[in-house]
């Protein structure tokens, strides 16, 4: 459907879908599987806890992800610093046979806000070790540039705190990040509705990652489909260029003079 | 695709599409036609000025709308009071052979804000005369209930001033209106982007009317398609029920304990 | 302190304070009295229920308001239409010996949104009868102009639903109302914090009415003082003209070149 | 006026005023001086460029600040990394005889967003050297905690980009920072109006720094006074506890039954 140039590319991989998903909070593995298929997503992040590092008895959630079009993105959720993150990335590479890693380093157990210092350090190390690193970070424009210098494959700034469903509270900073970035910008946390996802795409985000809003919906499969359409819609709007808000109303229906004729 | 029960019904007519459009501000009639086809819209509002009331030499914009799936909704844009609106509705009925009328009564030429008093009066009169009335109004919950009593077929509260592209500035009042309404609620003005349209649908609007944001886009056809997907997406999300925002972050990726094992 | 020209004038009365208050929801009459003195308010609205229409045994809340600088503004809260409002205004005039009346006509008991049609009708009648009418209304620019034509002494558009503390959800419409009005504009409902009150004054509102946010605070007297300062602050900022938001940062500390010298 | 316990304390210094200011963008040194006196501010930040490091021929802007109640806070605006910042802090200490330093490290000349990595590094070094460090940072909750560990005297998260007047775009993150901080939280950039300043104080910020909004106002002296009142108001409201927003309107004027009596 879309032209090759307009497809998202991270490292050497291209993606037809700009909607990334995650395995958390689903009521069952079967529902999750069906939702992912409805979403069209080609990148699914999975916590290392889900992964049998000895490769013998995989979690049903991981087994359900064995589709050729779905690329697994292990994440380091739960680690508190760069050292633990590097160790976790190595475990994940062993277990899942991928050198892609989503960095999540959040020392704070309440709001799960990411640590900028440790994230940069881990990105530097992991990039040197040949990993494709996608770090979850605060919407900090300068940090994004430093991560680029450190070899990151993409940046994943948050919209609002993880799991909060509060939407794009960082919109002013996401716009700065997008305007300056040389790597894909993936809005990662807080997206609570398809309209949030569409908005992120409209301002030029390269992709969004949505997990909670799909998983805890009353109908995750339908909601996954809703997000699929929203992301496509937002991307189209970005390409078609939105008009700017104006302060004075200008009627789309011209004032008629028929009454005076 | 969608079940009969979930389809929008206004008066005796059912609609597959919940995206309504208008003919204003397009650069050419050909672009407008292509955009409408891409939008999937089945209801298009047209200013009376476009209409040749003597039926001899129709405006090219009107001729382009002759598709069986497109229902014309003449509007009274330009009238200043109920009396002029009733006269305009009668002209429109003659010219376009429809008893549907979108009431737009705005005495103020700068912001084009609707007049609640004259709109109610005209709705009462036109309903008695057998018209299917869709009034454009401020997002005023009490006025909406009074229009219901007066026989309105739907209510069309504004999101923000016409043509402003400012989005859903009236969201708190739209939610009250939707929770109380017994007739379809169509969000009418100010929708500037697909994410706005999706948001209106997510909170339970029955449809949205979008004109300026499509017409003045750099690529109206692609933008029309973007709005089509956004409206479908928002409706799905409404049906699948969104989760509520929460104040504390709850990670979708559970905190792993693998490091301590 | 302030020059005569900059003082608020409604009908023939001038006000030193642009903070109006109300008697609802206070835990005791004594706390209310102290809060009003701290607020500096010179206009206090009181529900007719509080008033002994036979003038024999006044409610303690009304007795507490007998200060020369405090002008009572009876309101019609509880009436459902213009007829009841006119009757209530007459009762209030008898009981409180004032021809000032705050019109509140809200048929809806849940959100207490005002009725535009009945409010206009009552304003017309009461103005003719010599009342000084201050109508509580939705932030509807056209309605405000019609109320002017009907002889209203001021307009009192809402910021958000009464008692919701949601702040200025109608800001875009308040700005239009203020830019067009020839009578004082008093923002009436929903103001939940001093910052809301300051904001309303900054955009040019002539006054604000605050009740719930003061009355239900843990310290109503201190909160009343906070609102007093906020209203004064917002008015000063309006007179000193705020700068406009800009999209590019411009440092207030100039980039130094001292390092290169 | 205020009790000792409620006064702001940074390092060993207490402040009567929670409004901090800066010397940038004023049209003249005389206007600046008058504005500062009207503001009541006791902490004024000054760019090193303004300072004659050889102490011979001080800039008129610095000379104007010689009041016993005004404490100078030199800032490092213009430096690009920790090394330059440390050098600048030492220069400032020489020139102005203060060990207080406001760290501003922004490698990006367009948006002047702060660098989290270099700021932490400089804070560590300068704290060890005996400086009282006040770092300007993004509203990043984890970074704030790390700065605490590094010995910072306060944190200065931004509300929106410097000089943008966009207000508190980071409010959700400021609330997290305030709830977790053991050092004073001073909201530093983007405050465009007194209502913004009041809002920051209402949520519990310890102080705000305002420069551009005062300096570029049409009447900087009056605007300085407006900010003074707003900061006092917001602090009072914080101490008096605001009520929470509610979804259903609850009238402050009780529904009267007088009509049915």
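In this document, chain identifiers A, B, C and D correspond to the written order of the chains, with residue numbering beginning at 1 in each.
Rule of thumb we're sticking to: a contact is a pair of C-beta atoms (placed from the backbone, for glycine too) under 8 Å apart; a residue touches a chain by one contact, two chains touch by 3 or more.
By chain, with names taken from UniProt: A, B, C, D = Thiazole synthase.
Note that the structure is a prediction, hence the values are computed from the model and not measured.
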Chains contacting each of chain A (Thiazole synthase) and chain B (Thiazole synthase), listed by label
none
Provide the C-alpha centroid distance between chain C (Thiazole synthase) and chain D (Thiazole synthase), rounded to the nearest whole angstrom.
32
So the centre of each chain is just the mean of its C-alpha atoms; given that, what is the distance between chain B (Thiazole synthase) and chain D (Thiazole synthase) in Å?
46
Taking each residue of chain D (Thiazole synthase) in turn, which ones touch at least two of the other chains?
111, 113, 161, 166
Have a look at which chains touch which and call the overall pattern line, ring, star, complete or other.
ring
Contacts from chain D (Thiazole synthase) onto chain A (Thiazole synthase) in the complex sit at residues 106-108, 111, 113-117, 120, 138, 140-143, 145-146, 160-161, 166, 169-173, 176, 180
Contact residues on chain B (Thiazole synthase) for chain A (Thiazole synthase) in the complex?
22-25, 45, 47-49, 53, 75, 77-79, 84, 87-88, 91, 104, 109-113, 161-167, 192-196, 198-199, 202, 211-213, 215-220, 222-223, 225-230, 232-234, 236-237, 239-259
